[in-house]
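Down below is the structure, laid out as structure tokens.
We call the chains A, B, C and D, going by the order they appear; numbering starts again at 1 in every chain.
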Amino acid sequence: MNGVHDMGGMDGFGKVEPEPNEPMFHAEWEARVLAMVRAMGATGAFNIDASRFYRETLPPEVYLSSSYYKKWFLGLEDMLVERGFLAADEVKAGHASAPPKPLKRGSFTTNSVDRVLTRGSFTRPASAPAAFAIGDRVRMKNIHPTTHTRLPRYVRGHVGVIERIHGAHVYPDTAAHDQGENPQWLYTVVFDGAELWGADGDPTLKVSVEAFEPYLDPA
Amino acid sequence: MNGVHDMGGMDGFGKVEPEPNEPMFHAEWEARVLAMVRAMGATGAFNIDASRFYRETLPPEVYLSSSYYKKWFLGLEDMLVERGFLAADEVKAGHASAPPKPLKRGSFTTNSVDRVLTRGSFTRPASAPAAFAIGDRVRMKNIHPTTHTRLPRYVRGHVGVIERIHGAHVYPDTAAHDQGENPQWLYTVVFDGAELWGADGDPTLKVSVEAFEPYLDPA
Amino acid sequence: MSEHHHDHDHDHSELSDTELRVRALETILTEKGYIDPAALDAMIQAYETKIGPHNGALVVAKAWTDPAFKEALLADGSAAVGTLGHVSRTGDHLVVVENTPERHNMVVCTLCSCYPWEMLGLPPVWYKAAPYRSRAVKDPRGVLADFGFTIPKDTEIRVWDSTAETRFLVLPMRPAGTEGWSEEQLAELVTRDSMIGTGLVTAPGAPS
Amino acid sequence: MSEHHHDHDHDHSELSDTELRVRALETILTEKGYIDPAALDAMIQAYETKIGPHNGALVVAKAWTDPAFKEALLADGSAAVGTLGHVSRTGDHLVVVENTPERHNMVVCTLCSCYPWEMLGLPPVWYKAAPYRSRAVKDPRGVLADFGFTIPKDTEIRVWDSTAETRFLVLPMRPAGTEGWSEEQLAELVTRDSMIGTGLVTAPGAPS
């Protein structure tokens, strides 16, 4: 979707403000939100792509005015209600009142912690050879799905060069919507700054994105 | 600038909500804001392009969460302070404490009202013949100025056809920044929906923008 | 959810904060001698009484009943409207676009809120809000559905994005069953939304 | 102005509202039997103690002192890091990119907040906030200026937008004046920001 989350190349957000000696969490609830998201993901209630999509579909003014973990919290709550793990009236009451929904991978217990701390692999067997080789010129497709995609707006329609091939990976565009892992070849595609930003761009700039094969046309 | 104001083609803002029997103003202060903006514009404190730029440069989350006239108010206040018509401490105090700055076209009095109600003309003599003719195919330039522009992101890089020629008009990209009227030929350029939105686009859709000649390359 | 719906100003404490700030600004501008508040009153009164969709409706009704006027209107909106004594101050840049069974026109300003004030009055909140501005150029049929109507699926939809000082007025289709009606009667039927392209004109009792 | 700076949560009443909602959700998830709060405690403790930029710093220091490791690291980041006993759980998709006098690398995730947690810990607020995410791919030198440094004007700047599950770690340049230092000494110099590409590694007393 063309949401406000897709902010590469936007102006007007001001300066970057590094925070000296930044704490890991700015409030205790942030840690609980992080842990709940990871835990419920580990139970199989949702995958990482779905959780991103729920954050992206927060109302744009909420997305832009909420802190990072607030967005995580709001996305989590929406997702669990919409997928039937909670009822809206339970959220309102602050207590469970309906039976739980079965979890694909079971409850999250202390035995599950280790599994969460080990990062999963997104590589999958490929169903076909890679369509592109290192050095190939490709044009990013001009797609505008209202669903989840990882092709940012700022590269659509632009021509880049295949620089790396990462094997076939879970395809977020389908995985986010429970339409399967649908593995696709993943490439690093690199662009000249001037290709993306025109004559005013920094002449020393090169930008790459990680792009799935369905995003690419030969150029 | 690539601001959140440039929202053509964005997803996630929800349904359009028509309001039956909508009043002209939803609060009395809205009318005062409208009148102050028009009045101060008439004094020559700023032109319409500058006033748009000040609204565009409000913080994005403020832009998206403020009502229309609230944005007008915030932009007006910023603009008058930044251009030296008010001092920040006067705004804070709610009263004038420094001498006024001379106004190009004088104070706004009851005699000025009629002038405001008659819409101005933006046509100017052209300094050169039009570079394009009706029916010409043109590609919208891929420009990303951080300054004011009226070339929306969703058409940049795309190919359309010149449909109408409106004569030479004041050029907002310079006028907004007090760099002169710099008149440029203005065209209606029409695009197929599929050119803008790809294969998922409505096949019956055509979209046009009003485009100044510096935005266009032959295609 | 519309921008209006989310408006922080609807919170009472913030509303009064805005009110206070607006009053303070007017006080300062007055004390500086930049403006006369009475002139603002007069301007607001003029907006409230002189402009509005009745102006556009008269132009549409005239076009429906006077083929020569219609031809002139489509050729040069500003010039044609200028010939009508009762509609004034149109400016130089009015473009009138005609709905037909083959083509439905719709007007938007994706970048801000450009709108033909002189023909239609001040724009409604939805016209200036993000849902309409964002979707009109990409999903106009979805937008029309929000207004409760559909157009035939093979009708071309032409969206005019008002990115400059040209201003667009849609000339809607004259409804069936209005043969012989006077300009005044016809003007009564013409809604604001039909001149933006987010509504159709229907005659009472006639099939829409 | 950062997202953080504008955060509505910093208002005390809203903060407690968020706190209450977060607690309520945890209560419901617990009552439903989906989670054990003690498991959340254990997870948080692990994040607070086990991950962090010290992991990445060790990898960088090793690469500076062991040419074979460096070669392996640049060829396959995950495999090379997997050979180090003291750094674990890197996942399969680590890509290490080397800064040179000719090229400065910088990592961003424009779409969300992808970041090599296992190497660097949880990302800082600025990395996840709109100013960095929006500007890094268009005006990286402006972003570096916000961090208080510049790179030579003819050095290539390569920005890696982390739009998939690959994760990027910048291998910064080893500072002059550190000849003969041990891995442990070198690791002390390596900052988190230098491994994102928004900082340089400098040796104490050495010219930066």
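Here, contacts are C-beta pairs under 8 Å (C-beta built on N, C-alpha and C of every residue); 3 or more make two chains touch, one makes a residue touch a chain.
None of these values were measured; they are calculated from a predicted model.
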- Item | Contact-graph distance - origin chain B, target chain C | 1
- Query: Compared with chain C, which chain's mean CA position is the farthest off?
  - Reply: D
- Message: Quick check: how many Å separate the C-alpha centres of chain A and chain C?
- Response: 40
- Query: If you average the CA atoms of chain A and of chain D, how many Å lie between those two points?
  - Reply: 17
- Between chain A and chain B, tell me the centre distance in angstrom, where each centre is the average of that chain's C-alpha atoms. 34
- Junction residues of chain B - those touching two or more other chains: 9-14, 59-61, 64-65, 144, 196-197, 201
- Note on the structure: Among all residues of chain C, those touching at least two other chains are 1, 6, 130, 138
- Query: Where on chain D does chain A make contact in their complex?
  - Reply: 1-9, 15, 18-19, 21-29, 31-36, 38-40, 42-44, 46-48, 50-51, 88-93, 95, 108, 110-113, 117-118, 121-122, 124-126, 128-141, 143, 146-147, 153-166, 193, 198
- Mind pulling up the chain A residues that touch chain B in the complex? 1-4, 9-14, 56-57, 59-61, 64-65, 141-146, 153, 157-158, 196-201
- Message: Applying the document's contact rule, which stretches of chain B touch chain C when the two form their complex?
- Response: 5-19, 22, 24, 26-29, 31-36, 38-40, 43, 45, 52, 55, 64-68, 70, 73, 76-77, 80, 85-86, 90-91, 94-96, 100, 103, 107-113, 116-123, 150-152, 154, 164, 166, 169-170, 172, 186, 188, 190, 196-197, 201-202, 204-212
